[in-house]
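The structure is given below, and queries will be raised subsequently.
Labels run A, B and C following the written order; every chain starts at residue 1.
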Amino acid sequence: MKKDWTPLALVPVIALVALPLVGSAPTWVTLTVAGLAMGMMIFMMASGLTLVFGLMDVLNFAHGVFISVGAYGAATVLTRMSRQMEAEGLASDLSAMIPAVLAAIALAAFLGWFFERVLIRPVYGDHLKQILITMGGLIVFEQLIHVVWGPDIIPLPRPGTITGSFIVGEAAIERYRVAAVVVGLAVFAAMWLVLNRTRIGLLVRAGVENPEMVESLGYRIRRLFVGVFVAGSGLAGLGGAMWAMYQEQVNAQMGAQVLVMIFIVVIIGGLGSVGGCFLGALLVGLLANYTGYLAPKLALGSNILLMVLVLLWRPRGLYPIGKA
Amino acid sequence: MPEPMLAIAGVNTHIGQYHILQGVDFEVPRGGLTMLLGRNGAGKTTCLRTIMGLWRASAGSIRVDGHDITRAATPDVAQLGVAYVPENMGIFAGLTVEENLRLAARAGEPDASRLEWIWRLFPAMKTFWHGLAGNLSGGQKQMLAIARAIVEPRRLLLVDEPTKGLAPAIIANMVEAFRELKRTDTTMLVVEQNFHFARSLGDTVAVMDSGRIVHTGRMDALAADAALQTRLLGLSLDAHQ
Amino acid sequence: MLFRLLSGDFPRSRALTVVLIAILAGLALAPFIFPGTRSLNVAAKVAVFVLLVASYDLLLGYTGIVSFAHTMFFGIGGYGVGIAMAKMGASWGALALGIFAALALSLAIALAIGLLSLRVRAIFFAMITLAVASFFQILASQMSPVTGGEDGLSFRLPELLRERLVAYYVVLGVALALFLALLRVVNSPFGRVLLAIRENEFRAEAIGYRLVNYRTVANCLAALGATVAGVLYAIWLRYTGPDTTLSFNIMIDILLMVVIGGMGTMYGAVLGATLFVVAQNYLQDLMKLASGSLEGLPLLPALLHPDRWLLWLGVLFILCVYYFPAGIVGRLRR
């Protein structure tokens, strides 16, 4: 097992192959930024899922609920902050955005804690029941969202600072997409630091490989489980809030709608691998935007084709983790 | 007679619908190395896993240094000072050698003088200190697994087949390492198939068959009695050589 | 005679027997005792979903694998009939061709998915089937010249099947016959091997059963069952579209029906499908009443809002998974 750089080359390769196909450099820049932004948001939504899977062997089909709940949390705060939203300037925008994002994270994290505690804990180790229980959770909580927030789609305003585009050369770049890339990179960097520079991260990485051995060394993996589950849910909430602001609307099905895409990213990256998940998310985001421009009919299916190709190349994903 | 480090009495273990351990009784004396021998499928690995709390004993009692750990969870057993080297070595392939050892040192950083000692025992650990554990050779992985178990002083070391699949030269290195460990008065319980290895290290011996202990005694006594070996293990020393 | 018909697998509970006979009688006599289009629609849907859910139970309950591609096979059946009828006209030959093509396509896909991904872990299979199924959904919505896109296809049937009563009894007859066939499958030596695999993978493999082969055959049989169900549903509705066959919501409905009815008991499919379809159509009326009478209280009216009927089935589903793994049938058999 050497350091494996080949998959990393896929991102620039895809971008470069797309350049002559797209034809115009400004359009290409716009599409690439859009693709990267989309990839970052997918990464935020998917990273928790892959970690939870890697560490606990739990595939949470209800992960989409955390995404939706994060989006609703952010929407609830933002619609109450109309005064700050209307005011001009970065400071007032931030004073609305930061509480909104924090609310999204907190709400999703709390729901994650509840989920782990009440629904998933009794069925650790039983894959069939896990899939069924998390599906049940998806059904019930999607309905509860309707009960709490009503059945209608909620429009979500974006603060002025991150609305509109700026022009670089001839390419128009949406501000929000740049913001999404910045937040996504920050999240990835933070995750990387926690995983590689802290003792908790060391435990998580070891636990993903071999939970039994971590227990045999004297650590309580259960506590780690809860922590990772809550953190992963919080990240999904953050991703959901970002995604909702990107779509400028919120609905209860949005989590379930992106779920297939997230699964594909997790499979492409290699179940349990955070780095693979990041890479897979970027690939899916870029490909979706290029094909959306070049061959709109193919766009929706492009990520599934990508998954098939990746699995033909590496049957366990780009960066498979220790255990089979 | 001082209290034994490990006392196992009447232990039964079920895995699913299979009754693997059917009343296991034996003791591991303090400060010595006990070899647990027996044919494939006799229940040796299950026995170690039951001590470690990775399988739950359905009956009987297990005591470590006077503490009852029959129903204890795995982390509690480990925190009592029991270290475990599983048959597949259980090293973390995606972590470096250094990280593998740092994880095993529950106090935080491994003690510097103890590290020096480990590096003397297994020089390869120092050479590949920042290399990924997954890149080590089979023998080096086994050394890492043992090094990880002794990075801090432990009361009791459980080692499952340390010589499995190793070349003779590496086994010789392993014998030296275990001799050094014996000098530190570490109590050990080692499962082994290689009788030559077992004979050269064991103080006492317990032999399992079909989920029960069928013989306990001094290792040298068993080593001297070819007929007993054939009866218990189905092999004689000469045939094994 | 009855023994042969049920393959020796009797309900084994007086209450269950009564309920099953009542359902069967209700379905058989539906056109006469429940007049009206709505109730006949409900009865036909029950018949179709009994077959659909029973074939899914062959996978989930008897083989222990979770597939999310069942609606895809359901859809292939529906589109097979729909495309043939819409493009080739309302002839028996076109109907037969459509059905045959649908069955062949389902078999090929089920075989491919099975051989490629049933070797790996249950979770992986679930994810792969989810991806493949959503790909199919996209395909159906994008290839609108052939599939009618989001609008689906409305079509005319051969003369005889335009008669509602005939169509109803064709649907019911085929569904019943295939249900009995599935009952035979799970009670055959093959079915017992499936159960052995579900109970203990390692042991079954050690005894010498090739897991992949058995699971793949089960996957194919389930796919064919779903395809026929899709054919029947299209014949009944004289329409096929993404919302009636391919949608993920239907997959969720199937899961609810299997688990609530009882996994690993073919009769659970009958109970689950009946309960669900009836609830879908009539529970809402009941909840409207309850919700109205609780007017003014906090939250409760919202929880009992007629649109929230799925919430309560979801709760029932979770309770079933934890406490009654054999669902309603398991309870009745105690």
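What we mean here is this: a contact is a pair of C-beta atoms (placed from the backbone, for glycine too) under 8 Å apart; a residue touches a chain by one contact, two chains touch by 3 or more.
All figures in this text were calculated on a predicted structure; none of them were measured in a lab.
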Chain whose averaged C-alpha position falls nearest the assembly-wide average: A
Most distant chain from chain B by Cα centroid: C
Gap in Å, rounded to a whole number, between the CA centres of chain B and chain A: 44
Centre-to-centre distance between chain C and chain A (centres being mean Cα positions), rounded to whole Å: 33
Chain centre separation (chain B, chain C; CA means) in Å: 54
Chain A-facing residues of chain C, complex: 60, 64, 66, 121-124, 126-128, 130-132, 134-135, 138-139, 142, 248, 252, 255-256, 259, 299, 302-303, 305, 307-308, 310-311, 313-315, 317-318, 321-322
Residues of chain B that touch chain A when the two form their complex: 52, 54, 73-75, 78-79, 84, 86, 90-95, 99, 102-104, 106, 108, 132, 134-135, 148
Residues on chain A engaged by chain B in the complex (per definition of touch): 1-2, 199, 202-203, 205-206, 208-210, 212-221, 321-322
Of all residues in chain A, those that touch chain C in their complex: 53, 59, 119, 122-123, 127-129, 131-133, 135-140, 143-144, 146-147, 151, 256, 260, 263-264, 266-267, 271, 297, 300-301, 304, 307
